Every structure is written in C-alpha cells, then in structure tokens.
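In what comes next, subunit A is part of two complexes: it sits with subunit B in the first one and with subunit C in the second one.
Then we have the complex of A and B:
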C-alpha cells in the first residue's frame, strides 16, 4: 500500500470545484438521444426511399403517372429481372466481372499481406506513413489515373491495355485503402507483434512465424479485405468505361438503355446479392469466433 | 540453467533514456524481480535481455558468453508476456508443441514433454481447448508451460500476472515460483506490483529512471532500504526528522536509538519509519491528534497530525485501536522493540 492510496481515502481532496456531473436522465427521452434518432431516421429515409421507388419502377408495370391507391397491388412481375438475368451479354459481362474480382483480390493480397505483416512486426514506426500512403489512390481521380497509365502503356506495351484484365491492377490499386486497413486492423486484433516475439523467443524463423502463426490468424481480416474488394469491383464503373471494357456495371448501363425496367431490377438484384453475401461472410466468421473489425462491415 | 550478467547497459529511445549504466548479475537458478513504476526501464531491461531491443552500450552475458550478435531466436530463452500471446489458431497442446517442433524433436519426445508440461501446470482438462475458450489464468498457465517446454536457459516473465484478477494472480504467482524452484531455471520477472515481487523473488531489483536503485532480498529491501526512493516505493513509510547526538545515536519520537549510520551532534537526517514501528498513547498533552482511523482487518491504520512531525501513518493491532477516534488527542512514539532506525536522507 502506498501513501497515495491512503491519502486517497479522504474524499474530495484536491477535487477541482467543477460543476456537478450532468444527470443523464433515466426517464424520458434525452434531447441528445432524440436528435440522434431523428438524424438516423432521416439518413435512413434518404437511402431507402429512392431504393423503394426504384424497386417499384423495376417490378411494377404501372407508369408512375397512372399509379393510384387502388392499383398499388397490380402489375407486379419479375419478368424484367428474369430477362436481364438470362441475357447472354449480361451473363458474359458477369463472368468477366467475377474473374476480375478474383484476380484483383489475389493481386491485392499478394502485394499487401507481406507489406502489412512486415510493417507491423518489424518497423511499426512506419505504420502512420503507410496508412497515409495507401490513401493515395483515392486522391487521384480515375480519369487522371487512366489517362496517365494509358498514355504510358499504349506507347510501351500496347498489348497490356487490349485485354479486359488490364483492369486488374487498377482495381487492386483502387481497393488498396480498404484492403490495407482491413489487414492492419486484423494484425492489431491478434496482437501480431506479441505473437511474433513469442514465436521468435521459441526459436522460430520469420517464414515459420508467417505461415504457421500469422497467416492462419489473419483469415478473418483477409476475407474481410476480399469482401470489400469484391464489392468495389462489382460496382466500379469509371475505369471500365474509360478504358472501354465490358464489365457487369458497364453492360448493365448499356442494357438499361434498351430495357430500363429490367436494368434497374438487375441493379437492385446485384446490390442485394452483394450486400447479402458480405453479410453472410461476416456472420460465418463471427460464428467461428473470428472478429471482423473493419469499417463498413 | 545459466547465470546472467548485464553490464553497464545504456539504452535511449530518442531523447529519453530508458536505461542508464544498468548492471545486474543473476546467479544460476535465481529468481530476480525487477520492480518499479511504469517507465522506469524494467521492461526495456527484459527486452534487451531477450534480444528484442539492442543496447546502445554495455554487454549481456549468459554463462560468461557475450550475446551481442545472437538474435532472440538463437538465445534459447523462454518468455511469457502480459497479454498472453497464445497462438489463437492452436489448442493449448499445440501451443506447447510449437517450440518443440521448431527444435525438431522427435514425435515421441514431444508427446512426453507436452504431457509432463500439462501435468505440472494442471491443464489436463484444457489441453485441447483453443485460447478463446480459456480464462485468463488458464491462458497464462499455457503460456508458462509453452515457455518452459523448450528447456530454456533463462525464463523471462514480462508482467505475466498484471492482466489477471486478484485471486488468480496470487495462485498463479505461487505456482510460478513452485515451478521455477522445481526446474531450477534462472528467471527474471518484471512487475510493478511490490507484493508480487516481495512474495516470490530471491532478490528484488528496485528501479527508477533507468537505474537500479537497490538489489537485495525482499526482507533486506523492506528493513534496510538504500535510499528514499526504495523506502517510499516498498510499503508505506513515514519520513520523519531524526536529530543527531554527540554519542552517535539519534533522537526521534521521544526515544534515543542507534541508526544505520552514526549521528553527529546538531545534524538532522530523515528516518524511514514504518507505520508498524509506531505506537499511540491516548494522552491529552501528546502534541498530536487523530485524523482518521481505518479498520483493515488484523491491523488498523491511524493517520495522525503531529505538531512536530506533521502527518504520520501508524499501523496498530486492531485490538489495541478500538478506543481511537478522529479528533482525539494522542502521543505518537517509536515502539520499544525498534532497536535501530534507517536513515534515508542525503546525510551530513
């Protein structure tokens, strides 16, 4: 027992004479809570109302001008969505997009996993620098990036931009801020540095530590990073459009021109599918005791 | 098993000096606790010993051999961290196995070592559980088993009990000491908890500001602190003025007693008087009054305001303190059985 703990027995000693603590009222609605909920509901409406309107337009074959209360349950149909889903061009574009997702995830992880690990366990003083650096892709607008890259590569390796898979490096770069943050959060969550030091004190080499200790415990964050990359690639329009490639998003825009209802139905469907699969991934990880700590998931 | 010498170690992080001319010699099989407030350099000392930090100056020797060029993975030290550091993807058994696999021991040898480790740490029921299925105390026992499974030359414990609750902390503390004595491994135990250090160490090194203030067995540390910092850090202490006499003894609290250093006439020094070395007489002209009385079970702590000595803490056997109340006039005196006082002032 120290002197301090004894003198601390006398209450109120040295207490600054501040105002009494605010009673966070136990009854009724607190003003701060009311504002919070009102704000939340407003934001929710801002997002949900357009989507509901979009869903109505996509699935109910009644022009908005003729929509009256008694017609609210008539004309609903999934045929537009079905037509879109069976359209061969859409299917092709979807296949391309799925491949792009896979390659972008692989490239991203191959580049960033070793970087994140080495930074965390060997030179943690570089973390703030990397956190800032990995945001750079979002500072440069896609148009500038594409024009710069196109000008350079068309002159040097023209075949590179000919393939639809020339989008992969762009997507990997574009997803870097998400991926790095997810991986970094994952390393923090497992106290990677302590695990690294514990393993080293037992004589393990860096390779053993990475493959037997760190990577198996980074599964959750790698899946989170992949999920975010997938969502991003499935919704990316600017790069593909600027480089004149046909991906699911660009093909959806083309399709919508010929069939606005089907196009919108498809857009909604893809959005729901993406959200659902992300949600399922996170749930399955949580059920296995793996905590996913990434903003947005 | 090995003796460890840290000689003249200096380590600075930027402008702040974590260790300054730090020297520590540990005998083979000894358990030394490094004790000090946070930021005193005790963890840095441990990390330099483990090889995770490089000293700016000085040497680390194990069995007389300089370790300067040996990375942590070559030192054969076992280490236990405050935040468990168990591999989350492995069961208790697999965690213990990790170091043995790295050492390329045969499967039968590994199994027999693991079984023994599980037995000595009483983990039988938890051997196949994953870390997230275990309590803090169980996890730390696995970490301990894992650290000693590889037969380390030196065992390093970095605040291993700080994250546990009081009851578990005490049990595990005694368990660590029992195991350490049983296998006879040289051990360095870093803690900020003086009770922990005093309870299990052969010797305790009290640190402040990157320096070793005193390295001594627990009892000597308590009874004969080397300086004001150690006296104040270990237990509670009253710093009271003692007045020197020409016969070499000191006048304090109405008694004349010898000190750990001789007095000269007319000099004053600061004596470290433990609360339990004081007695209280309920008299009206004692020059002191009771400020507060706290019942702590077997003893009662009484805080007294003395005209001459200021605020004084006294620990009285509770049976003798029943009559005391705040505001009461008393006299504070040094107990008759105190034969010698410890002076901690700058002296002369």
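Then we have the complex of A and C:
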C-alpha cells in the first residue's frame, strides 16, 4: 500500500460513520491527542529554531552578546548576503558548481536512461545486479573513495585530478542510486514493457519506440533525478575539500572565516534555494503518484 | 547474465558495457587498490597496518565515531518512529502528512556546511539559544552541550537523521493495518498487548534496519563534523589528516587500512539492513 492511498483514505469527507462535530471538539482536548500535538510542536521547534537563529545572525548586524530586547528591531540588513553574492570568488565557485551539476546530470542520464530502459523492457535479469549496485555508494562513501582516488589517479594520471571537473564522474556515481530509482519508478508507472511490446507489434522501429514513446513519458522522472543530483552536488563538501578543489561549499567555508555574517547569509540562501527546488520536485512527483525514494534505497 | 551475450541481446551488452566500465574504473578500481594496499603494507602481505589502524589515537577515533553515530542513530531512530506513528494517527489536518513527507525528503538531504553554520548560530558560544538560556540561568556548557562537543554534534546530526528515519519508517508504519488493531481490541487485547504481540514485532525489522542506515549515514558524515570541530578525534577527520598531512614514510598504508575497516563496518551494517528490509517487505508489499 503506497503512502498516497493512505492519505486518500484519511477521513474528513464522505465518511458517514465519522464522528459528529461536537465529538470532534471533545476529541481535540483528549490527553493522548494533546501529547501528540505537543510532540509535533517540539519536533517542529527543533527544526525551525536553528533556521531562525541562522537568519538572525545573517541579517541582523548586532552581535549576540550585545543583543537586548530593545535592540530586536535594529540593525537588520541584507548587506552581508549582498557582499557574499557579489564576491568574485564566490561567483566563480558557484559557476563551477553549476557546471558540475550540469555535467553530472548529463553523464548520469546518458549512462542510466538506456540501462533502465533495457532492464525494464528486455533484460529483467539485470535488475538484481542494479539493486545491489544502488547500495554501493553507501558502502564506499566520499570519505572512503577519496583515499582510493588519491592512491590511484593521483599517481598514474595526475593531469586528470588537476582539473576541478575530475569531480564529475564521482558526483555522477553518488547520484546514480536515486537517478536509477527515479527512472525505474517512471518506467514502471507507464508500464514501459507493455508500451514497448505494443509499439513493436505495430511495427515501430527501436528508435521510434525510444524517442517517441518511452522518453517523452520519462520526463518527470528525469527532472526528479536531476533535481536530486543538483541538491547532492551543491551540498557535497568532503570529496571536493579533500581533493583541494574549489566548489561552492568549500568556498563557502573559506568565505565564512573572513566574513561570518555574509558566510551564514550565503549558506542560508543556498540551503533555501536547494530546499525549495527539491521540495517542488518531490511534491510534483507525489502528485503524479510516482513513489520515488529520495534516499536512493 | 549469460543471456546477455546471446545474439539478440547485443543491444543489452551495448548498454551495460559503458555503465560497467564506468563503475569499474571510478568506483571498483580505486576501492580494490585501497583494500589491496591495506593488506600489503610496505609491499609485503601482512596485517601490520590493519592492526595499527585500530590502536592508539585511531582506536579512539573509531570508538568516538561509533559512539557518536550509534547515539544519533538510536535517538534519531526513536524520534523518527514516533513521528511516523504520530502522523499516521493524526489524520485530521490533511496537509500534515504530505507536508511532512516532502519536508523529510528535503531535510534528509540537507546537512553539510550550511547545517553546521545554523547550529553554530544557535548553540555555539555566541549562539542565540545559548544566550537566551543563559539569561534564565541555564548554562548549556554545564550540561556538556556546545556545538563542538559530542552532544552538540549529536544534536546537529539529528537534523538529518530524524527525517531520514521518518522516510524509511513511513511505509512500514502505513502497513500496520487498522483492522489488526480492531481485531485485537475485539478479542479483548489491551493496547499494550496489541503493541507487544502485533505492532512491535511487525515494525521491529524496519526499525532496526532504519537505525543501521542512520548509523552508516552518521559515520560517513564529514562536512558537518569538519566545520564544527575540525580537530576532533572522529574517523572521517582522521582520514583527512592522513590524506593531507605530510605523512611519514611507512604511514601511507595507515590511511588505506582505516578505509578498509570503514568499508568493512559499513558493508556489515548494510548487509544486515538488507536482510531486515526483506522481512519488512513481506508486510508492506501486500
């Protein structure tokens, strides 16, 4: 049973056996209901307070030590964020990160779209191997692989690691689990196998099937995979930092050391941007009924 | 697999080969080299490096990392399960479930540098919460909470652990059918008995699997720990030290050995998790 159907089953309308309004009012103050809401509010506070604290630090030019109730409304400005956003090194790092996102997405889709299609419509026996593969990035995380990369590529092909774009294949690698899951969910949602067989029996060529039947139907899952990849690449710090590459997250840490206020403003800005785009991707997926696991498991 | 090489499946081979070559070159090859070097320190077969990777400061690192990951996994796991159960029982604001679902998908991906900054502004020495509590006479430091200490890092990690647990548990919790609870009640079972005999046994594999995943997730987290306390005795930070420092001759295999242990630990956790997940699927796929 999917999460969608659970939500759809929730009472509220069209439920003749539902309790009358008076009963509902009484239920609202039941102790167990009170405990539930108290718990939810505590969890919500835990998630909201750090964001508010970060926003205060980033946009109010009053040191915490000097902050008194009278000063709550003084010193607010966007100057820190503006300074960070116009800093040439930050802009350069942001450009690098955007290019890394684009290249990682392209590389991933080129490698995985054909593979997902072939697995679904022609060779289902590949599925167990791919499922096992999607666990690999959890076993060999950036902090472990970086040692291997330093021990191999640094010695044999130093020119490869000299470029910041040497990060692309590795970023593509860590994005593969959820990319494959998203593509696979998309193919299953449209019953790709049936479509393939139907098109085939009507004499469509392989090219026609791929470009006019399957790919247009996979747009949603490709967008979802791209959104998740972008969030992953824009947040990855360990691998880039340990290979001494300048990307947006590593430059953010450097920038924060010279201007804490601007650094936090920038971090908040990037985090909100990532969260918003990721949230939109997830919501649109849920609305389409695609049960994509963002964890890649 | 063999059918791939048949004539009519040339296409399959054509598609699988680039992917396999890519994974082999960028993931398998560097990993195998590290594992090989870990068991052949100085060029000869031996467990010398592997033993040294678990002694002295590195032993402390492993103990700290396991304690930190374990604590954040257990607390995050419990809160995540409670959150999933609460959301399931509260069906009234219809937006609640979907909002929390989307929010968790987002928050479980957060972390890294910005998250560390957020908590420095909250519970750091100049943090707003530190100051607010100080004003009412509570010194967070006296309770051992600072953004750079053990409990501080646990609190920060929970920010992505709780949503991840929620995402992992929600399918299993949704699989708890209302009819089971009603059936138990009709047969005279108390709510406590229902949980003991039905609820907990059904949720346990998913919950344990989820906690293992959280453990792995916290063990490999680097950015947050680095920003909060770059000199801390945690395995990821020690790997950085070995990788970047001008390591003395004979020490270069130490980093490989540590990574070998890390991979062994993660592999064991994830294999266990997969086994537990299979048990969960029995209940949720129906």
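Basically, the second predicted complex is superposed on the first by the 229 of 297 C-alpha atoms of A that agree within 3 Å, B and C clash if a C-alpha of one lies under 4 Å from a C-alpha of the other, contacts with A are read in each partner's own complex, and residues count from 1 in each chain.
The rule is short, and it goes like this: a residue touches a chain if its C-beta (ideal position, glycine included) is under 8 Å from a C-beta of that chain, and two chains touch if they have at least 3 such contacts.
Everything numeric in this text was worked out from a predicted model, so none of it was measured.
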item: Subunit B versus subunit C as contact partner of A:197, first or second or both or neither; value: first
item: Which superposed partner A:89 touches (first subunit B, second subunit C, both, neither); value: neither
item: Residue contacts on subunit A - larger count, subunit B or subunit C; value: C
item: First, second, both or neither for A:205, with subunit B first and subunit C second; value: first
item: Touching partner for A:232 - first (subunit B), second (subunit C), both, neither; value: second
item: First, second, both or neither for A:163, with subunit B first and subunit C second; value: neither
item: Which superposed partner A:217 touches (first subunit B, second subunit C, both, neither); value: first
item: First (subunit B), second (subunit C), both or neither touched by A:63; value: second
item: Subunit B versus subunit C as contact partner of A:122, first or second or both or neither; value: second
item: First, second, both or neither for A:74, with subunit B first and subunit C second; value: neither
item: Subunit C-contacting residues of subunit A that also contact subunit B; value: 1, 3, 6, 10
item: Complex interface listing, subunit C residues touching subunit A; value: 1, 3-4, 9, 11-12, 15-16, 18-19, 22-23, 25-27, 29-31, 33-34, 37, 79, 82-83, 86, 88-92, 94, 97-98, 101-103, 105-115, 117-119, 121-122, 126-131, 158-159, 162, 164, 167-168, 170-171, 174-175, 213, 216, 220, 222-223, 226-227, 236, 239-240, 243-244, 255-256, 259, 262-263, 266-267, 270, 274, 284, 286
item: Contact footprint of subunit C on subunit A as seen in their complex; value: 1, 3, 6-7, 10-12, 33, 36-37, 39-40, 43, 46-47, 49-51, 53-54, 56-58, 63-65, 67, 111-112, 114-115, 117-118, 122-123, 125-126, 129, 133, 135-136, 138-153, 169-170, 173, 206, 228, 231-232, 235-238, 241-242, 249, 252-253, 256, 263-264, 267-268, 270-271, 274-275, 278-279, 282-283, 286, 293-295, 297
item: Residue ranges of subunit B in contact with subunit A within the complex; value: 50, 52, 71-79, 81, 83, 85, 87-89, 98-99, 102-103, 130, 132, 143, 146-147, 150, 156, 232-233, 235-237, 292, 294, 301, 303, 313
item: Residues of subunit A defined as touching subunit B within the complex; value: 1-3, 6, 9-10, 190-191, 194-195, 197-205, 208, 212-213, 216-217, 289
